[in-house]
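Here the structure is laid out as structure tokens; the discussion comes afterwards.
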Amino acid sequence: MNIAVVTPGGDAPGVNAAIRAVVRSAASQGFEVFGVERGYMGLIENAFRKLSPRDVSGIINLGGSVLKSSRCELFKTPEGLEKAAENLKAMNVDWLVAIGGDGSLKGAKEVSEVSGIPVAVMAASIDNDIAGVDETIGFDTAVNTAVEAIDKIRDTAVTFERVFIVEVMGRQRGFLAIDVALASGAEIALIPEHPVTHEDVSQRLLKMGSLGKKSSIIVKAEGAMGDPFETASRLSRLTGYDFRVTVLGHIQRGGVPSARSRTLACLFGNHAVRLISEGKKNRLVGLRDNRVVDISILDSYTSVKKIDENKYRLVSLLAV
Amino acid sequence: MNIAVVTPGGDAPGVNAAIRAVVRSAASQGFEVFGVERGYMGLIENAFRKLSPRDVSGIINLGGSVLKSSRCELFKTPEGLEKAAENLKAMNVDWLVAIGGDGSLKGAKEVSEVSGIPVAVMAASIDNDIAGVDETIGFDTAVNTAVEAIDKIRDTAVTFERVFIVEVMGRQRGFLAIDVALASGAEIALIPEHPVTHEDVSQRLLKMGSLGKKSSIIVKAEGAMGDPFETASRLSRLTGYDFRVTVLGHIQRGGVPSARSRTLACLFGNHAVRLISEGKKNRLVGLRDNRVVDISILDSYTSVKKIDENKYRLVSLLAV
Amino acid sequence: MNIAVVTPGGDAPGVNAAIRAVVRSAASQGFEVFGVERGYMGLIENAFRKLSPRDVSGIINLGGSVLKSSRCELFKTPEGLEKAAENLKAMNVDWLVAIGGDGSLKGAKEVSEVSGIPVAVMAASIDNDIAGVDETIGFDTAVNTAVEAIDKIRDTAVTFERVFIVEVMGRQRGFLAIDVALASGAEIALIPEHPVTHEDVSQRLLKMGSLGKKSSIIVKAEGAMGDPFETASRLSRLTGYDFRVTVLGHIQRGGVPSARSRTLACLFGNHAVRLISEGKKNRLVGLRDNRVVDISILDSYTSVKKIDENKYRLVSLLAV
Amino acid sequence: MNIAVVTPGGDAPGVNAAIRAVVRSAASQGFEVFGVERGYMGLIENAFRKLSPRDVSGIINLGGSVLKSSRCELFKTPEGLEKAAENLKAMNVDWLVAIGGDGSLKGAKEVSEVSGIPVAVMAASIDNDIAGVDETIGFDTAVNTAVEAIDKIRDTAVTFERVFIVEVMGRQRGFLAIDVALASGAEIALIPEHPVTHEDVSQRLLKMGSLGKKSSIIVKAEGAMGDPFETASRLSRLTGYDFRVTVLGHIQRGGVPSARSRTLACLFGNHAVRLISEGKKNRLVGLRDNRVVDISILDSYTSVKKIDENKYRLVSLLAV
């Protein structure tokens, strides 16, 4: 059995641990593994290399992807998919394992349809927005990275009695923002799912000020309330408080994976190889109800994951 | 409603976040909170102090417990329990919230029986060995601390081609050791639940050596295989390899809590106050199937939690 | 002897360690210490509080300043200075110790002139731009914070074969940028002291690309080359490479101080108290030639510190 | 010009950054570099491999040594040295660059004497005990690692009101212990250079107890006062306090190098290549008076470095 592993979502810490888990689990079943370089681009460009258990030594704690990744527009075209299918068949690939988020899922589904080669997708994304699974590889690391950054920012916020807007990733969804806000003890979480007005936010800040809170942290998902500097400027006018903005940016996508991100990667990778042994095709592997599960790729792809309203409410409730 | 909060298990990172969550959730319900100092000792010594939402400001990211803790032998005697019950009644305490592990659970159960005052216990322990719950406050931090230490140790293990035995906490149980071994990419996990002989271990090391592994990490729970230095010495004789030992010790009990430990603390603390609002007595709050649940203290106390055999097997399988 | 300690530069990690060192060194000499709250504002607002050795317990590893800080425009006026001098005299303050950078130095000099009260200034600044001293409290921590952030960013830069512009603090000077660039292995350092054109930078990137470098990190001081997003856009047009920008921002000003920042704080604080014992007035305490020294505040204030040209050159030389 | 680079002291964080600096500085001069594997063992076993600037890409932030290391008894014999000299000549090596501490220095001196090939040694050691230089590569990282561990330990020390003995590396010398004690705010430093009795230590602990200090940290160098568990037991009998012991062990030798350790590595590596360009033979490169200097290997080897008595005194003075 020949397995090709590809990391189109190479920017979630734990992807390397996931590659290692696939390669070594496959070896224990006597399967061969080929790594595909630069994400789906490598399928088109025929960039395969054999991966032995020794080749993935010492990578469990590295951020990024040793297979590299890329955004690949060509792969979204019929020609690109056709070429990828051709190359997979020429390499005698029996299964394709993709590690990534929504984009990886879509690509895997399509190349499978075109090539007839079954796929297994391991949920890896710092956004944690994949429907049907509670948690993805990399999310825990990104939350910790942002929380550690806010711990530092709070030092200066408290010392200078300022309000900070800290923008975390999340153009469409607020999963990261909610968890970061709760764990950092932020006063306010701004997420795309719950639009609020500048007046709402300034009222809450003024109320906290009247209770003696002299500094606050607002965790804002990218997709909430527009430009953070503009938001700060309007809120400053409304409240009279001194605002600062920090956009955390790409530090959230890299770094040494947390223990949990590595553990999920180990479990998901092993489960993906079990799916191959059992011939269970086109499944997404993720964590649900604290168990490693596999669900239909199609089901995940056509659904929308809901935020945890309780957690969202708790941010404000605990920030009194 | 008057709530007393006590931290007999003050050595799990996230306990302060849990205190904060109880105090502020209680405030949102109009309840008063008293902090008890030095664990159950403070109940006997009448060491209560009022905690307002502002008093727990800036503690979400502190290790240890701002209420302090202690081992209290007196509390295990009828006289001690009687005195504690007396003090709780004199303070008009309606509910006692304890944050800790098995010892805290036992104490809470007993003081409740003697005093008639209902209790809620929030599961907090780096050992993660509380029956009925999947995860406790502090466990994730301890796993990360040990994994980060092993990342450092592996640098020197690989450079000098040595075998390291790294002892992690766990006199009776191997939950911590298994998760640490899996996430650190350790070659072998030694846990009390699965006794192995020195010959077994040396055979595995020699087999890995023959596959080209020149350095290895053995994660050993305290309660497995006896003294680590003696173990190293015997394994060295059997394999001819160069061994080193590191006992991680108390660094596992402190430190800035991870995002996950803080999040669990927020959720558990809020849930504990909900139990009080609803009059649901003598429950243990923890995470199960990725949901915050409450279970009967008695049920937890009389059961034994099983290790995850799949994770345990995976350590060896991924260390080829 | 009554000493007042003030932290107008409260945003350099290690300031709390410096307060502790002053308070405890003073205690060993039998001196009294008053903390001034909110920087020079507290002098005007008469916000003094007594600090005993026990009051500074547990603060050595905290970022920010427990005395808080503020930008105080009023202090720059004759009225403000007059009021501050009045309050200092009313409190019978014999010496003022200020912990901070250039602004603190200026303020200390002025209040001393107006009040006749001698001052000692401890060099603390993440910018490390104080003339006459090699290193300030907080600089080492800020360098480490930025380098750790770039370690994370490089994961995604390498994986996606991108160029990152990482903006670090430094509106006027490039000390931080140079050290960060060298220690992070960045390919290019852009500093205010050495203006370069977009064409220069793009030529260097293209040359590195031709040598096989597929990703690069450019560390840019705030004051170099203007807006980082505009810079990225122009460089992208000139090179055809994929650019991303991260502005590190205020995380550089907070956080747990590094060992070195704490050590300098201990040494400087003790030295400042020695100056008081010896009656050596109006001196700046800092590190020079790896020794704790004191220099004339006036000399420092009227000089400009030079960057280390060798380090600057080394960034490019080692990034081949 | 052919340069061989060897890392007999491969257990100081920053050694890889030093290798990178040598290789790339050499390339800028048109020199060739060969890496020697496994320390001096590789000289005897003829384990050379060519290192190009691209080969040392991405290693600046890795602990350990990519060239590996070993303790090599054979190298201490005339036969071993003779064989090493032979191999160096057969490879047409013109200069040998060794990165390490006292043992590396001795070996470099001897192989140079036997072979006639000049050497340059870059001071790298977590012990920082090399005479003639103020600071070595790796020392700053080890201090930070130990201080971060003690920050965690203090959480539990304070919470449970205990005394902790934390043993850091240093069989002969107390440089690491002093810096760790000062930066961690430890109450007592025990170093080989200043023997004290158990009675002295217990008197100091009791005196601090009487001033209200309920928990303490004692930082003990390995070579001071013998076995830490025995020491704890005796001090516990003398004081009545509750003691715990943590032996930090090998975590101090690995880990991601701090910014400062990397910066020193860059500077030293570049300086070593400059020595080669200038034909300045048999020098040790290190930091002195905050400048990169080179001194006679023989001078360093025959001298003993003194501890900083002021720092040592300051530990106690600031721990009131």
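We call the chains A, B, C and D, going by the order they appear; numbering starts again at 1 in every chain.
FYI, contacts are C-beta pairs under 8 Å (C-beta built on N, C-alpha and C of every residue); 3 or more make two chains touch, one makes a residue touch a chain.
Nothing here was measured: the structure is a model prediction, and the numbers come from that model.
Colleague: Would you identify the chain whose Cα-based centre sits farthest away from the centre of chain C?
Modeller: B
Colleague: Can you compute the centre-to-centre distance for chain B and chain C, using the mean CA position of each chain? Integer Å is fine.
Modeller: Taking the mean C-alpha position of each chain, the two centres sit 39 Å apart.
Colleague: Taking each chain's centre as the mean of its CA atoms, how far is chain B from chain D in angstrom?
Modeller: About 35 Å, centre to centre.
Colleague: Taking each chain's centre as its mean C-alpha position, how far apart are chain A and chain B in Å?
Modeller: 28
Colleague: So which stretches of chain A touch two or more other chains?
Modeller: Counting only residues that touch two or more other chains, chain A contributes 151, 154, 158.
Colleague: Would you mind giving me the full set of chain pairs in touch?
Modeller: Every pair of chains in contact is listed here: A-B, A-C, B-D, C-D.
Colleague: Please output the residues of chain D touching chain C within their complex, sorted ascending.
Modeller: 17, 20-21, 24-25, 27-28, 53-54, 58, 60-61, 134-135, 140, 143-144, 147, 151, 154, 158, 179-180, 182-185, 211-212, 256, 258-260, 262-263, 266-267, 270, 287-291, 311, 314, 317-320
Colleague: List the residues on chain D that touch chain B in their complex, please.
Modeller: Per the touch definition, chain D meets chain B at residues 10-11, 13, 38, 62-65, 68-71, 145, 149, 151-156, 158-161, 164, 244-247, 249-251, 253-255.
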